[in-house]
Each structure stands twice: as C-alpha cells, then as structure tokens.
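One structure follows; several queries about it will come next.
As written, the chains take the letters A, B, C and D, and residue 1 is the first residue of each chain.
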C-alpha cells in the first residue's frame, strides 16, 4: 500500500518539478525585450570586434605605399605551422652595397591558427592582427595572400 | 578502421542472446568521435569497449619539432574547453625548469582565467549533457550565459576558445582595462542564473530518477582507475591538485574542495554544479586584489630547458592534467607526454556501465564530461 | 536581406558555370523558386570533431541563432541531413567514416569545411603523422571557412555564401538534357 | 519475457530509497517549504572540506620526507639506482624486478602508492624507458619509478595492470606509440593506429606518405 502512495506521490512531484522548470522558461518567453540574439548579417555596419580580436594577419601600409617589414624572417620562425613564408631578394643600393629586402611576404590564411606568436616576434611591428573575419570562400587558393602590396617599399628609418 | 573487424573487438565469445551495437564514431551523445562497442542483451549492457583514435593527431610527436612557446599554442587544441589550464601547465613546467619566478600579477591573472575557463567548461558540460538527457532548453540557456565569459576572454585574449594567453614567463597581454568590471558584472549575473539551472534540471524528479544511483563508482575504484576531477571527487576521492599541490595563486586563497559521497551520476552532476559556485568564490577573492606590476618577465628569444625531466600537474576542468617534459638541453624537447584526465576517466566506463540499460549509458557518458581530443591527443 | 547590397559580399561571387540558352523563362523562374526554398532549409548533420564543434554549437544557440537562416534542424543521422559541417580535423582512421557519412546523405548535399584543420590541416599540417591535410582530400568541399576556430559570425557568413551557391544552381536543365 | 525480467531484477534496479526521498520531497513541496537557495540543496550530500582541516590531515599523514622515502626504498632494493637532484624522488628498477617492486610499494602501508598518476615511455638510443608517476592518496607522497627494457628491438616489460587497473590502458597506449610489449597484459591492443602503422613515437619512425616534414 505504501509503495502505491509513493508511486502516486512520485507522479505528482514529477509534474510539480516539471512545472517549476517551465516557470523559468515561461519567464523568458514572456520577456522578449531581453533579447540576446545578434542579428548578424543585418548588423554588419555596426558590428565592432574587440580591439585584440585576431581575425587575420595584415601588414599596414602608409599612404606612400610603404611598410615596415625588413624581411628578417623572425615571424616565419615563430610560426608553429608554417603559415608564413618569406621570399626575399637581394638588391644593390645607391652606395653599391648588397642588401636583402623582402620580395613577397606570403601568408596562408587557411592554415593560420591566429596564435599571435608572429606579431610578438616581429621586431619592427610590421605585421598586426586584423579585425576582419568574413573569409569564407568557395576556393581554397584565395586564402594564400601576399601581404606586401605590389610596388611597396620599406619605410625610412626602420632598422635592419 | 571503420570496417567491422573481429580481431579488434571480441575479447571473449559472444553468447547466443547477445548482440553488438556500435555507438559512434559519429553519435550525438559521445561528445565527439568516440566509438563505443557495446555488447547488449536486450537493453542491458554487458560490456562496453571504448575505441578511440578517430581524432588522434600525434601532438606528442609534433612537439618534438617545436619550440616551447609553440608547444603552448598547440595545447589549446587538445582539451579546448580547458585551454588556459593546458597552456598554464606547459608554462609552469618551463618556468620551473628554468627556475623563473613570475610576478605576482601573473599568478593572479592566471588563476582568475583558470576559474573563468572552468566556469565556461562546466557550463558547456551542463548544457551538452542536459541535451543528452533530453532537456533541450538546457542547451540554449547554458550557451547563452557562456557567451558572457567568452566575451571577457575575447576582450583580453583576443580569442574565444583557443586563447593562447599564457606564455612562458607570464601572459601574452596585460588584462584589458575593463576586465575587472566585466568579470564582476558577469559574476553578479551568473549568481542569479545558477539557481535557475537548478530549477530547470537538478531539482526535476524525472531527471533525478534518471541519474540517481546510476553508474556508481566507488572510491577505491576511482583511485585504482585514476579517475580525477569532478568525476573522481564525486566518489569521495580527494584529488584536487589545486588543494594538494597548489600552483599560481591557489596558495593564497581559501576555497573548498567539493567531495561527493555516492559516486553515482547525480553526484557527479552535483559536484560540478557546486564547483561553479566555488569558482565564483575564488574569482571574487582575487579580482579586487590583482597586484600591480609586470605581466611577464623577459625571457630569452630562444628558450632552452636544462637537461632533465620535469613534471607539472594542474587541475583542468575535467581532472588532473600533467605535462612531462624530457629535455636534452636543446630548444626542442626530447619527449613530451601529456597526461590527459579524460583518458583515465573514459576507460572506467566498462567497469561502471555493466548491467545498466543502454539509456543509462548515455547518462553515465554525459556526467563523465569527456572531451575526445583530450583523450586522443 | 540587406547584405546583398554590400560591396564585399559581391566581390567574392561564384562563377556562373552554365547558363540557359534562350527561351527558358518558365524554367528559370521555377529554378529560382525551388532554389529559394532549398537554400532556406538546409539541415546540417551533427558531426563535430574538434574545437570548431563548440563554435558550431554556439551558432546553434541563442546568441547567434542559425534558425534565422533555416539551418537549425541538426540531424543526428546522415539520411535526413543535407549538409556536413566538417568542424575539426580528420585523421586517417576517421576519413573512411567521413566518406561513408557523405555517401549516405541524399543528393543534393553540401559540405562546409570549418576551421583551419578542415581547410588544410592547419596546426597539424607539418610533422603530424595521422591528420589528413585538408578535408577535401576525402570529400568535395563547397565552402571553406578559415579560422581556428572561426567565430560564429564567420560560420554564419559561410551559410550566406552557401545560400548564394544554392541559388545559382540549375535543377531543370540537367533533367531536360537527359 | 521471463528471462528479461530476471535480468532486470539482478542488474537494472535503482536504489529503493530514491522513491522515499522523492515522496518526502513532495510533502515538503506541498507545504511550500521547498525553496531552492543557491547551492544549498535538500537531500543531497556534497561535503566540503576547508583548507585548514585538509592541511592538518596531510601533515599528520606525512609519514616521511623524500629522503626517508628514498632511504627505505634503497634499503629494501639495494641494486636500484637513485637519481640525485631531480624534481621528485626518482628510482630506476631493473626490468626483471619491476613487478615485485611495484607490488611492494603499493601494499606496504608506510608507502601505500595507490594512485598511478601517469605512465609513459621514452625512447632512448639503447633502450626504451617506461616512467611511472606514483602518488599515495593517504600520505601524499609523490615518486617517479623508471624501468628500462633490455633492448629496443624486442622491447618487453612486465605489466602492472594487475596492481593498478588504470595501467592497462596506459600500457595499451605505450604499446601503440612506442611498441613495448607488456607480458601478462589482459588485452593488449592498439588504440590509436592500425596494425599497418609503425610506432610513431620511436625516434627512428619514418613515414614519407603521411608526414610532411618541416
């Protein structure tokens, strides 16, 4: 007999606790102004990432198409998985000295893990982390980028 | 391979009434690509044989060609839900080996991040296991509140999951000026949310009947199988590394080690819920007292460890995480072993799931809080 | 959706591989209707391997609600799914399983490779003995999403790209040719 | 039908007290006494120990220091090699005496190493070394035991899975990645890779097909 009452009691307590849980959900159901959903594609104009957000590696150029990269290769060494390749070339400057400068700073976005080790390693702050995250593409080859713009030069006063 | 192959699975003969059911590798309740080969009679589980290796990536081999800061970055990808603890373990190991004393500020920051990461991990465990047990609302509520922690992470570290915030000698950036304010705001908010979680699931009789008494792991078995973390503590095995071998700022603070008694699924659930309260207490003790100072000590460009063997244990979100580095004095380690908590925890499953229904196996799996890349490495 | 007017979104457009010859106005409109319906009800398979699976879960949850695009019905079985999001690395033991899952999905089926591991092997490209260097060695991939892991908005952007791709398909041309 | 019932009766039964607890809970709920406040739940017993108690306990249990530990172990095993100046007490045991040594340090009540934290292997040019990290949950000692195999080609060692069950799985992992065969192991199989693979954590592992060297 006791077990029968326990059985009934369990059913009622089950329903009761279920209702307690549903009270919580109902509270959120009837407070739609506490909306947490971000309307992503519609809010693209106003969407701002945090300052330190790591979306991609970029090389800032100034208005004269100059960058700070000396081609020292420290970022290439610091990269854990070879996302950065540096191709340098040697030129002869006005004084007749041979000098190695950067030809192409190749960055494989598809392999990058955004660990920030390259930016830390860079002695001249030539590369920084960009904020753009919308990289999805149907072609994998577009992820291989050359960071220095065509025809760009190294900025004056950057130490080797 | 995926092909059914007798030589891998059948350890003794299958009886006439038994049959084999393959759970996984792609199954929602296995939390990743784990394959459980269950031997059933009707609904009763007679034997569970976990088959792992579907996400094995050879991290231990890869580390032999990497430098120490690069290894730190790679540990993010093992137990991605306690990424910062993994980072910290390697950093502490390197710092111990080099006998570098990090500033007090670093210790405080690391401990706060440990606990924030633990909160985020337990929240994700709560919502995912709630979903396994049939409570879909839990999934939405848990992830909704977890986003607040991820915002704090992103503000300071620049990433949501794979933080890579600890580096040998300190942390990568100083904390964001808003950090203390946003952490405090989060804690006041989350203190109100946790009772809601209890109302939704923990107090529900249907849920309790599904987990109470299911999958009991005794204290002796927990020690013998090396089950650590909240799973082991639910059985009464006092295994909190923060308590017994304190590191970072844990010696300075007062906190309780939550110990369960029964060792069943419900107790594992309860211990994790209580650990969330405890994590918030720890953060509150530290957040106002972060000392001024540097956020990193200057390390050499190329870090070389002295010859020898070094072991460092930390408490990750799912148990004791250990790093064992054998160094031969070069910039790359000779051998690195990661003692992952999930590996030991997972293989208890055959021991405790025997005799329960296959639906109870899901409850046991859910409360074990497994992360498969942590097991496979 | 206001997104279509944005310059950046237009920039990486899909090539039109095939176009109708004259006189298919009805079929073109039918195609547009069918593709509109299809592109807004793509059901993903619950298939998560590594950290990206957590971001995939975050996309499904409240903050970044993927139900707004009609993608919310994550199916546990490939027979009811339309799309695989490869969220994480694939190793040589898992590759046959992935292939089988892909084969079990009914046509038309789509694949999104999410995260650096699935795009190219990512952190495990060099010196790892067991990771496949990119999921497209196993199955064809429609959209690649770089990131480690990509943030949820990046995956939503990939969904938009996939919708655009679906809207460009010509269903009836193929049928007529046969 | 009959057989099914029998089995349910044997193994699938839940604890009878869960029913009683729920009925008590229900009574309380009807009386509106049940108000969930924070983590103080009713009917659940999560005990917590504060730090002072824990420290006091560990101090009383701390039977011996690291030096005493080493002394006791070396007096019992005179041919064991002790490494000086390492992070933890470290002892190397001959491979044929490993099993007896391990059995002893687990059963000896003054040592009581009942928790195998980590077991791993390291490949050296002449031999493969298996490293055991052991802890005692009652005394909170920590110790490292090492054992070398005789050679690298036919690397074998005695299993300790009968002493610590967790070793069974760690040994499978070591067998998979380093190729040490463990004698008397109940179920030695490869966890991560197929039989066609080599043992990747060996230093001479070479794979042109799968590995891209950098």
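Operating definition for what follows: a residue touches a chain if its C-beta (ideal position, glycine included) is under 8 Å from a C-beta of that chain, and two chains touch if they have at least 3 such contacts.
Remember, predicted model here, so these are calculated numbers, not experimental data.
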In terms of CA centroids, furthest away from chain B sits chain C
Chains joined by the largest number of C-beta pairs are B-D
Per the C-alpha means, the centres of chain B and chain D lie apart by a whole-Å value of 17
Between the Cα centroids of chain A and chain D the separation in whole angstrom comes to 39
Chain-centre distance (mean CA atoms) for chain C and chain D, in whole Å, is 43
Whole-Å distance, C-alpha centre of chain A to that of chain B, is 25
Going by residue number, chain D touches two or more other chains at 22, 25, 192-194, 200, 205, 214
Among chain A residues, those touching two or more other chains are 10, 13, 16-17, 36, 80, 82, 113-114
Among chain B residues, those touching two or more other chains are 1, 53, 56, 58, 61, 65, 73-74, 76, 144, 147, 162, 199, 203, 205, 209
The answer for chain B against chain D in the complex is residues 1, 8, 11, 17, 41-42, 44, 51-53, 56, 58, 60-61, 65, 96, 191, 194-195, 198-199, 202-203, 205, 208-209, 212-214, 221, 223-226, 237-239, 243-245, 254-262, 266-267, 270-271, 273-274, 277, 308-311, 313, 320, 322, 324, 326, 334-335, 337, 339, 343-344, 347, 351, 354-357, 376
So, in the complex, the side of chain D touching chain C is made of residues 192-194, 200, 205, 207, 210-214
In the complex, the residues of chain A that touch chain C are 36-42, 44, 47, 80-82, 108-114, 133-140, 142-143
Residue positions on chain D within touch of chain B in the complex are 3-4, 7-8, 10-12, 14-15, 18, 22, 25, 36-39, 41, 44-51, 54, 58, 86-88, 90, 114-118, 120, 122-123, 131, 133, 137, 140, 142, 144, 164-166, 168-170, 173, 177, 187, 189, 191-194, 200-201, 205, 214
Given the complex, residues on chain C that touch chain D span 92-93, 125-130, 133
